Amino acid sequence: MDAQFVYQNLYDLFYMLVFPGLLFLIAFALFAEYVDRKLHARLQHRVGPPWFQPLADVIKLAAKEEMTPRLADRRMFLMAPLVALAATATAFLYIPTWKSDIRYHFEGDLILVLYMLTVPTVTFFLGGWYSRSVYSMIGAARAVMQLFAYEVPLFLCILGPALLANTWSISKMAAFYQVHPAFAALNILGLGVCLVALLGKLERVPFDIPEAETEIVAGSFTEYSGRLLAMLRLTIDLETIVGAALIAAVFLPFGLGLPAAAGFAVYLVKLLAVVCVLTVMRSIMARLRIDQMINLCWKVAAPLGVAQVLIDLVAKGYLPRGYLQ
Amino acid sequence: MKRPGRMLAEVLRSALRKPATVLYPFVKILMPEHFRGRLHFIPEKCIGCKLCMRDCPANAIQIIKVADKQFRCEVDLARCIYCAQCVDSCPRKALEASREFELAQLQRKDLFMRESPDPSKVSAPASEQPKTESAKSEPAPANKPANG
Amino acid sequence: MSLVKRVVLWARQKSPWVLHFNTGACNACDIEIIAALTPRYDLERFGVQLKGTPRHADVLLCSGPVTHQIKDRLVRIYEQMAEPKFVVAIGTCACSGGVFQGCYNVESGIDQVLPVAAYIPGCPASPAAILDGVVKLLASLDPANAPKAEEAPKAEDPAVPA
Amino acid sequence: MFEGESVQVPVGPQHPALKEPTSFMLTLQGEKILQIAVRLGYNHRGIEKACEERTYVQGIYLIERICGICSHSHATCFVQAVEEIVGIQAPPRAQYIRTIVAELERIHSHLLWLGVAGHEVGFDTLLMYSWRDREIVMDLLALLTGNRVNYGINTFGGVRRDISPEQKADIFTRLNALEERTKYYVSVATQETTLINRLRNVGVLSPADAVRMGAVGPTARASSVDRDIRRDDPYLAYGEIPFKVITADCNDVYGRTLVRVGELMESYKMIRHALEHLPDGPIAVKAPRKVPAGEALGRYEAPRGEDVHYVRGNGTEKPDRVKVRAPTLANVQAVAKMLEDRYLADLPIVVAAIDPCFSCTDRLTEVRRADGPSSVLHWEQLRQYGIEWHRRHGIDFSKLNNSFRCPEDH
Amino acid sequence: MEESLSVQSELMKSFSGVVGNIRVPRPRRIFAQVPYDRFAEVFENIVERMGFSILCAITALDGGAFIEIIYHLARPSGVVLNLSTSVPKDRPVVKTISGRFPAADLYEREMVDLMGVQVEGLPPGNRYPLPDDWPAGQYPLRKDWKRPETATPDKANQEQRHV
């Protein structure tokens, strides 16, 4: 074990756990939750929570008693939040931050990230299903139905840009659009659909159907309390960031070449901008019904996704070869 | 003309304006002039007719004789419904409703108001005391259910 | 107090999630509770979030004198809440039965059934009074300014009279 | 959930969609509602019995607390009935003040409803805005009556508070602000796609069913049933104040929304008219404590529909019998009809659309054991009656020109 | 008032000797009494022919030896006819009107449970509003009803007096 090796491993560990890995991610996710809630409150013409609110919520939940419902399958009930949290945090490692060549990337990481982002929904489903309470089970079933609906448009409108960039790696896509920012303009349609799909993934109004408070209390989360609930909330916060980061990397290729500090700032601004757009969207709409949501996804969002793919294919076919290595 | 996001403009405008929130409790709120809050008793005016007790819908008020023509008023603030009927019923205006509304307490026993005449003016013969006590422990019959 | 305890206490004071339960109220207290969450009063300034399930809640806001039929539900909901938990009696009814005391189908107040941590009288308790009560309750969580008396309600013992 | 499998879902008594305890037992197939059973009674406090045990004066405050949302409706309805037995009439000024408070109450109640409806379909921003504006009315009510809710303005023979000239001016300015805001809500309700999608064709109640089920208030008027006690059986000052009865022919939740916002606009006009024509004179006449033997039936158009109080006096200080038929009891029967073949997601908004307040509906029930076999009312049996009956009775649903026409193409 | 008075005279004309004590104490309020053995026929007439097609409420009262039942019927024009009938308290049986008014189902079940009136012909269904295990013969709104022993002692009341 030479010094180089030890150093290398320590750096890996730091990268994964502290910066820009888990710890940074959590801190930023909590901050994003604050931005979301505060902006939501301001849009509703009220003051809203103080800046430390998400942190206080998490600490309080962590210090609370934990309860498992009597009928629940204890193992599944406990595993779900853990797996969800781990999967989301992992996905983040593969998304380019403020530079396009990040530490872990490989040809095909796009598929991995999209897959990892599906994991939380599936685990919410399992957690809810094995809570064995009616509300949780309905919430769980709705979550899966919704997953099938938004996943296709989401994939389609990321597929388009990937085809144009001719790669399955998010980093390479980012690099490509950084070089050819004009091409990013072709993907505006995809950006819109992606934002809508992300609302679905994050289960926010108008797609908060799986946890619709007035219908099924809190959906899959109804029976969760204490630490597990804290984890679930954290997962959703992380998902927001990861989703925003994905959108930023694929559709907003600005400021990637800047020096570290400036690049970092631009990166944060981009993410927060995506968060804010999501907040505004959730503030001005009513919740759809699950059948309306599925209709919207299949009849509107999916065709738009296909259109995005076609646009990119045409662009690829007709634009000068030299641009596309 | 249907469109999603009809409230967008309004909502964005609100975000730029000062919130509609009053910063209570950091900024005090003053209730309107005739708000019916906590009661106050003016012992000098009371003649002990107990009309207030008779009309109280919540059986919350007690007028207790402490001496000749001297009366104490006790109101269970946890039971009073702040209707001010007693204020209306009183022929001598010995009761008034104030604007106080911050009545929350952590313990039930603190939710109690007792307003007595100035002790220096009370010339209570010692023999009066036990009588007062017995009057106290006897719940007012005003709205006791007949068959309860 | 150790640092951890201090942080936890701070978090607890800053993040009270509430569950609202109508135990036979006339709706007036209930609409005032909702009004306390809306822009004019905005309870979220104090970290209050209205939750739909007892599992998520720290504070049970009860309004109403507790009808006989709702009593068991009330106890069950209280039991479903995770420790530490607090009950707040909102409105005169919840404090004592108010105008309904003596009616054949009601208890006289929440404290006949559950330990109550704060009483907010008023018929109905106005949103400002509710804010006042919540702030008083949160301040009392700090042992430094907790009520001194022996009868201080203890959240741990659900003293449920039969 | 999964097709074919049917599950039972309890909604209530503690449930986020209900601010009051009631429970619905739903049988679901997938997201579809197969069957619905309602259980009432959680809010029963025994007021009718208690009224017989208390004096009339105490009774006002008790009746007022049947429900805090239409407290003035119940109190006024009761006071009117008692005044009729005694044979006194509140002076004109008192009648006008009662009317003004009644319309303010309707405004607060309808704005409250708008917010609750928004909340039920996940549109919290609408809740926040309408409740923010509702505070204007709450301030007015607190200013005029001394309390935000449970106003306590009524007394036998008149009212307890007068309206001063300054207050009058104040009301005018605030009404203007409210009117502006209401116009905005009309535009939101008729234009926001997601909202319309959740309201249109949901909770359909045909005009014939509305009449047959005995629906009242905005629930009935949204199904073209042109009934309004304020016009049909005028009380207070309604005989002297011009107003239009708002109806809609949409038969759904969307229509109920339109009717309510339409009524808001009417209420502003009515209050202005009442203030401008406020008669001079005393605000109360003396009423005896003992009420002679006699009986009277009071009817009142509460924000949710017709409220009926029957009072019988027996010459003492306490009534012999007080019977309350609250609007929700009449409307709750229509809910099952509205929910036939709907989705679980529609339950909250459909239930909210009758603006249910079970605290008055439960006035009669007494249930002591919560976990005994539940007493559930099955709605199925209510459906076996034909529509022909009403044809035979020649009930016609002809519309006035102030009725909302619902577009076909939503 | 003309309308009310015309209803009054119509009642007197068509049911002389049957419908008694017809009073019009104020505009749009008519009170009338009918013995129960002629009730069905009168009710039918009033609803079907005289246009009282709205049922406002049904009130049951404890009248000592008998139970009085008042059907509050209204016309869309606003006139209310309060048609009262009585049945003996030891055998209080009436026929349902829920065939005419589906809404009466609930009001009648209330009477059944709270006043102990037996309603014949109610469609099958669960009882309302009392629970299934409610003891037989307990009718809370009767004047001679005594609340069961379980009634809550007013603890707060006693405590408060000793503060």
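Just so it is clear, A, B, C, D and E label the chains in written order, and each chain counts residues from 1 on its own.
Methods note: a residue touches a chain if its C-beta (ideal position, glycine included) is under 8 Å from a C-beta of that chain, and two chains touch if they have at least 3 such contacts.
On a predicted model such as this, the values are computed, not experimentally measured, just so you know.
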Between chain D and chain E, the fewest steps along chains that touch one another: 1
Per Cα centroids, the chain farthest from chain B: A
Chain nearest the overall Cα centroid: D
Chain at maximum distance from chain D, centres defined as averaged CA atoms: A
Whole-Å gap between the CA centroids of chain C and chain E: 41
CA centroid of chain A to CA centroid of chain C, Å: 36
Gap in Å, rounded to a whole number, between the CA centres of chain B and chain A: 54
Distance between the centres, which are taken as Cα means, of chain E and chain A, whole angstrom: 62
Numbers and ranges of chain D residues touching at least 2 other chains: 15-16, 41, 44, 46, 49-50, 53, 61-62, 65, 125-126, 128-129, 132, 135, 147, 150, 192, 194-195, 366-369
Chain B residues counted as touching two or more neighbouring chains: 4-7, 11, 19-21, 31, 57-59, 76, 78-79, 81-83, 108-109, 143, 145, 148
Multi-chain contact residues (two or more partners), chain C: 38-40, 42, 45, 52, 96-97, 99, 101-104, 106, 109, 111, 123, 126
Interfacial residue positions of chain C with respect to chain B in the complex: 39-42, 45, 92, 95-99, 101-104, 109, 111, 116-123, 126, 128-129, 131-133, 135-137, 140, 147, 149, 151-153
In the complex with chain B, residue positions of chain A that touch it: 39, 41-48, 280-281, 283-285
Residue numbers on chain B that touch chain A, as the complex places them: 4-8, 11-12, 14-15, 17, 19-21, 23
Sites on chain A touched by chain C in the complex: 37, 41, 44-50, 52-53, 55-60, 63-67, 135, 213-214, 217-218, 221-226, 229
Sites on chain C touched by chain A in the complex: 7-8, 10-12, 14-15, 17, 38-39, 42, 44-45, 47, 51-53, 55-56, 58, 80, 82-84
